[in-house]
Amino acid sequence: MTWLSSGFMSDVFLGITNGVLYGLIALSLVIVWRSTSILNFAQGAMAMFAAYVGMTMSSHGLNFWACFAIAIAAGFALGGLTERVLVRPLYKRPEINSIVVMVGFLGLLESAAAAIWSTAPRTLESPFSQIYFQHHGSTILLSPFALFQIIAALVIMTAVGAIFRYTNLGLQLRAAALAPEVARLLGVRVNRLLTFGWMLSSAAGVVAAVVISSSGSIGLSPTIMDGFFVFGFIAAAVGGLESPLGAVVAGLMIGLVQQFLQDYAPSGISSFAPVIILVVALMIRPQGLFSTTKARRV
Amino acid sequence: MISVSQLSVSFGAIHALTGVSFDAANGKITAILGANGAGKTTLLRTITGLEEAASGDITLDGESLLKKRTEDIARAGVGHVPEGRGVIAEFTVLENLRLGSLAAKVNFQEGIAEQFELFPVLGERRHQHAATLSGGERQMLAMARALIAKPTVLLLDEPSLGLAPLVTAEMMATISELCAKQNLTVLLVEQNAKSALKVAHDAVVLHLGKVVASASAQEVAGDERLRQYYLGLAEQ
Amino acid sequence: MSKLTTFSDARPTTTRFIKATVATILVALIAGYVLTPSTDIYIATAAAMAVSVMGLSILTGFSGQVSIGNAGFMAIGAYTTAIWANHHEHFPIVLSLVGSMAVGALGGIALGLPATRLRGPYLAGMTLAFGYVMTPFIQSLGSWTGGSGGLYFPVLVTPTWFTSLVGESENLIGANARYQAVLSVLVAGIALFFAANLSNSRVGRAMRLVRDDDVAAELVGVNLAQTRVTAFAASAALAALGGSLLALVAGAATSSTYGVALSIELLSLLVLGGMGSISGAIIAGILAAYTDLIMTKINSLTGIDPFSNLGANMKGIIFGVVLITMMLAAPRGLVGLATTLAAKARRLRSGAN
Amino acid sequence: MRTIIRKSVAAAVAASTALGVGGISAVSAGASGSDGVTNNQITIGATVPLSGIASAGYSDVAKAANAVFKYVNAKGGVNGRKINFIIKDDCYGVPGFGCTGTPNTVTQTNALLNTPGGIFATVGSLGTDTQDSVRNLLKSSGVPQLFVNSGSKDWDNPGTYPSLFGWQTDYVAEGKIFANYIKTNFKGKKVGFIGQDDDFGRNGLLGLQRGGLSIPNMGTGDSLGYNVGDIIFSDPFVSKLTQLKNDGVKVVVLDTIPQATKKVLDDAKKLKFAAQFIISGVGSDPQTVNNKNEVGALSMTFFAATGDTKNSWNKWTSKVLLADKADFPKFKSSTILTGNMQYGAGWAVTFLQLVKAMGSNVTQANAVSTLETQGSTFATPAITKLAYSASNHQGLMGGIMVTVKSTTSTTPVKNAKVYTTTDADGTPLVAKTPVNAPVPAWLS
C-alpha cells in the first residue's frame, strides 16, 4: 500500500482537496450566470460575510454545526437580499453596470467585515482531525478533515445537480434561465426563481468559505476568499459558464495542475499556472471547454 | 369573455396600437387578422402582460388584466402560445409538458395522457429533445404545453407560420375541435386570413394599430373591400 | 442602452473653451485651497491617474471591451521608465515617456490579439488573468526588474531654470513637486488631446460602431479584429504613459502597486467620472488623488477614530456604497449626472420664459 | 469634423492649463521650506498599514508609538516641544479596497513631505519593499528616514543614504544567534530551513551559514524557499516538510511571516512531524500567530519576554497603553503586551531620546550626527544597546532566545544570554548580560 503515500498520490490528494473548493465556487458562479447572466464578482465576499455572521456565534457557545447552519442561513438571506436590492435593477442593463456594481459590493462587504470583525484572522474550531492518515509508518496526505471537505463539496455539488436535473423546482429554474418570457407565459414565477437561484448560489459559496476558514489555523479574515474566488472564476470560465459539470471538472483540474506544478515546476510558476490554463483553454474554445452553446451570443 | 377597450400601446414614439376595442366571446374562436406590422402580436402580448398598455383596459370576465403580472395572468387560465412557438429546445418533450403543468397544479399523468391522445406523435417522441422536432411537431408541443394547464382562454400567435398547407389545415381543425369540446375561448392571430376565417366565429381586422373591422367571421370573409385591402385575399 | 457621452457639441469653440477653463480652474482652486494647502503631488498623481483612466476609457468606453487588467499596462510603463532610468544616468524625459508608451502599446497588441476572440465575461476574465499575472511575472524577472523589491532611480531632477522660475530655489521639495506637477499636467493635457482626437477620428467612430452593434459594423466594412486590437493598443499606450508618470513622480516602480486592486480601482474611477469622456477622466484622476484626503476629512468631521476598525475601513465602505449607488442611479458617471442636471435646468428655464 | 477636433483640443488645453495654473498659484500656500520644527512642536510622520492585508497585528506598532507620544505630550513634551505624529495608511504599498485612491507608500510619503510646515523626519515607517521605494525620494528631499520597521540590511548604508536608519536587529545577526544556539543545544542533530524567497529568507539563511551551519543556498523549486504569493492561494509547505521529515531533520529554522508560520506549524502537526521549530522574531509573535502548535517553539527577541510582567519597560509600556483609551479601548492592566506593542514603544522611546539629546539644536543634520555619536547610549526598552555609529546605521545588533510559553506570551530560555554580533562572516557572538536600563524619570 505504499503507492498511497507516493509523491504522485500525495499531489493527487492535495490537488483534489483544493480542487473541490474551486469547483464549488465555480459552480456557484455558474448557477447565477445561467439564470441572470451576471458574473458575481462579490461571490467570495458574500460567502465570507455570511461565514462571519454564522461563525462568530461560536463565541456565544454554539458548536460548529450550529454555527455552520446559521452561516448557511445567512448565506441564503444575503443572496436573496442581494438579488432583490442590487441585482434586479441591473437586468437588461449593459454588462459593465453589473460588473461595477458587484465589484463595488465586493469592496463594501470586505471593508464592512473588517470594520465589524477587524482584519485579524479568527480561528475556527474544526470538527475533524487535521492529522494525516498514517499507514505502515508512511504518511498518506488525507486527513479526516480533508475527507470531510471533499465529501461536503461533493454532496453540495450533487445536491445542486439533483435539484436542477430532477425536481420541478429545477425544471422551472432551468426554464427561467433558458427562456424567461416563455416560462412566465406558463405561469412560472420567474422573479422568485431568480431570487432563489441567488440564494442557492450564495449558500453553496458559504460552504466553501466555512470549510476554507476551518481547514487550519489560517482562520476567517475579510480577504480570505479573494484568491479562491480568482481560481474559482478561472475554473468557471475554463469549464464554460453555462456548464455546471464543466465548472466542477475544471475546478478539480486546476487544483491538480496547481499542486503538480508546485512540486515539479520552478517556484513562483504555480501561482500563475491557472492563468496559463485559462488562456490556453479559451484559445482552444472561446466559450469554455464544456459549454454546449455553439457560439457566444454577440 | 375577453374584452378589450380603447387599448393603446406605444414603443417610444411608435404607436403600435391605438384605441383598439373588441370583445372575444366565450367558447368561440376570434381571429385577429391584418398585415405584417398591424399590431396583432403586440395585442396578444399586451393581454398577457408582456407589453405595457399606455391607456385603455383589458378584462377577463370583468376583471382587469392590466395590473397583473404575466405569470398571474397565466395562472388565471390564459394560455399563450407565442410567436415562434416558444418550445424550449434544450428540454425533452416531456420536460416541456411538465413545465406547462406545474403552475396549474393539474395531474401530470392524466394531462399527458390527454395530450398524447390529442397529438399522438408527441407520445412517440416523448423523450426526444424539442430541438429535434419538426416545425409541425413543435407547434403541437407548444399547444399541448398550453392545453395541459387547462386554460379557459388560449392565445395563438401565427400557429400556421412555416407549416405546409396540409399541416396547417390539420392544425386549424384541431383548434376548432378543441374550442367546441372544451368550451375554450380562442384568440387566433393569423396572417393567413383564409385558413383562419374558415375556423373562426368572429374576426377583428387590424391595420396600423387600429381596428378597421370587427364582425363575425362570415361577414368579414364576405366583405370584398376588407379582403382586398387588408387581408390580401384575391376575389373569391 | 443609453448612449455614452461623446464629444460632439454644437456650442461655439470659444464659449466651450472659456467654460472648460473656468470650470477646471474652479476645481483646481477648490482642490488647492479647500482640501489642502499644498497640492502639487496630488496634482501630479491626478494627472497620471487621469491618463490611465482615459486609457481604460478608450477600451471600455469607446470600444465596449471591459478590462479588469489595465494596471498591468501601467506596470509595463512604469518598469520601462525605471529600467531605462537605471541604465542611463541622464535620460531625456520625453524619450522615456514615448518609449514607455511604445512598449505599452506592444503589450496591448499582444493581449488584444487573443482577446478579440472573446466576449463579455470571458474577455473580462482574460484581462483579469493578465492583470493578476503581471505582479508575479515582473517579480520572476529578478535582477532585470529588481524582483519583489522593485526598481529605484533618482527622482526627477528639477532643471535650474525651473527652480529659478518658480522662485523657490531655497526649497528643493517645493520646486521638485512643482516641476513634477507641471510636467505631469502638461503631458496629461497632450495625451488627453490625442484621446479626444482619436474619439472623433474614423477609428474612434469605428470603435463605437463595434461597441453598439458589431454585426452592423462589419456590414459597413469595419474590420472588427483590427478595430478591437487598435483599441487595446491605444488603451495600453495611455495606461503605460500613466504608469510611467507615476514612476517618475515616485522615483520607483514596485510591482505590488500595479496589482488587480489597482485595475479594479481604475474601472471604478472610470464609472464614477463618466465613461468615454475627457472631463470624466480628469474628474476620475482628481478623485483618485484626493480620495484619501477626503476620507481623512470625513473621519475628522464625523469624529471617528481613524485607528478604529471602522475608521480604517471607512474608505472602502464609502467607496463601495458610492460605486453601487452611482451605477444604479447615474450610470453615466458624474459627467453624465452634470449633463442631465444642466439639461433639466435649461428645460426649466425655457419653460419659465 | 475639423471643428469638433478643435473643440476637443480647446477643452483639453483648457483643462491642462487650468490644472497647471491651479498648481502654480498654490505656490504661496505650498511647502514653506521649513523642517517641521517650531518652538513648541516637532512634526514627524510614518506610513504604515492600517487597512488591507498587512494591517492585522502590524497596525498595533504605530498605535503603540502614538500612545507613547501622546503620553509624553501630556507631560509637556521633550525640552518644551511636543511630538506631532502624522500616520498615513499606505496599505503596505498595495492599493485596493479599503485602500482606495492610490495611497501607496510613495503617494503617502509625498503627502507627508507636503505637510504644511514640512516634516522633520519619517519615523517608524513599516516594511522593506515599501520603505525601499521611498529611499531616494526622502534622500532628495533632505528628510531623514529614521527607524524603519524592518530587519532588512537595506537600512545600513551610510555611504549612499546618510540619513537613513534602521532600528531592529537584522536577519543576518538573528541567523547567527540561532546558529549558535543550535550548535550548543542540538549538537549533531540535522537542521532544516524554510524561508521566504526574498531578502528576508536569504539574509536569515546567510546568518545561519555564517554562524557555522551547513545548509545549502536556496535554489529555484527546492524545499527551502517559498513565495508569498504561494501561501495565499495554496499550501507549499506539505511537500517541503515531508522531505525534511524523511531526511531525518530534527530542528527547523523558519524565516517566515506570521501567516506562513501558521501554515508550517499546522502542516507539521498534520504530518506528525515533531521537530524543534526556531522562528524568526518577525514571524513568531504568539498573539499574531495565535496557534496552539507554536507552544514550545523557540524564537529571538530584543525586548524583555512579553510574559515578564515585572520588567520595568514592560510595566511602563502597559501604563502608557492603558492611558490611551482611544487607540487601545480594550487594553486592561492585566493584558499581556504583544511583540508589536513593545516594538512601537521601542522606537518611539528611541526618537524621544534623540530629541532629548539634541537639546535646543533640533535640526535634521543634528539628528543624524546625534544618532551616530550618542545613539549607543540611549536607554530604550530594548535589551541590547543600539549600535549606531558613523559606519553603522542598523541599530540593535543582538537579542535573546525565548520560548513560546502560550499563545499569548514568551519566556526566556534557561540560562538565557543576550548575544550581540555583527553581520560579518566570522565575527563571533559576544555574550552580554541583558541591558535593563531603568526608565528615565522624565518618561515615567
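General remarks:
Order as written gives the chain letters A, B, C and D; numbering starts at 1 within each chain.
The definition used in the following text is that a residue touches a chain if its C-beta (ideal position, glycine included) is under 8 Å from a C-beta of that chain, and two chains touch if they have at least 3 such contacts.
Because the structure is predicted, anything quoted here is derived from the model rather than measured.
Shared contacts of subunit A and subunit B, meaning chains that touch the two of them, come down to nothing at all. Using the mean of the Cα atoms as each chain's centre, the chain most removed from subunit D is B.
Rounded to whole angstrom, the centroid-to-centroid distance between subunit B and subunit C, based on C-alpha atoms, equals 55 Å. With centres taken as mean Cα positions, subunit D sits 34 Å from subunit C.
Taking each chain's centre as the mean of its C-alpha atoms, subunit A lies 37 Å from subunit D.
Contact with two or more other chains is made by residues 106-107, 110-111, 114, 118-119, 230, 268, 271 of subunit A. In subunit C, 136, 264, 268, 312-313, 315-316, 319-320 are the positions where the chain touches two or more neighbouring chains simultaneously. Residue positions of subunit B in touch with at least two other chains are not found. Pairwise, the chains that make contact are A-B, A-C, A-D, C-D. Those residues of subunit C whose C-beta lies close enough to touch subunit D in the complex are 7-9, 13-14, 16-18, 20-21, 23-25, 27-29, 31-33, 36-43, 45-47, 49, 135-136, 147-150, 152-155, 166-168, 170-174, 176-178, 181-182, 185-186, 188-190, 192-193, 196-197, 199-200, 246, 249-252, 254, 256-257, 259, 261-262, 264-265, 268, 278-279, 282, 287-295, 305-307, 312-313, 315-316, 319-320.
Those residues of subunit D whose C-beta lies close enough to touch subunit C in the complex are 1, 3-27, 29-33, 50-51, 55, 59, 63, 66, 87-89, 92-108, 110-111, 113-116, 118, 128-130, 132-137, 140-143, 198-199, 227-229, 326-327. Every residue of subunit A that touches subunit C in the complex is listed here, in rising order: 33, 39, 86, 89-90, 93-97, 99-101, 103-112, 114-119, 230, 233-234, 237, 241, 268-269, 271-272, 275, 278-279, 282-283, 286-288, 296, 298. The residues of subunit B lying in touch with subunit A in their complex are 48, 50, 69-71, 74-75, 80, 82, 86, 88, 90-91, 95, 98-100, 102-104, 145-146, 149.
Taken together, the subunit A residues at the contact with subunit D in this complex read 7, 10, 14, 18, 106-107, 110-111, 114, 118-121, 123, 130-132, 134, 139, 141, 143, 216-219, 221, 223, 226-228, 230-231, 258-259, 262-268, 270-271.
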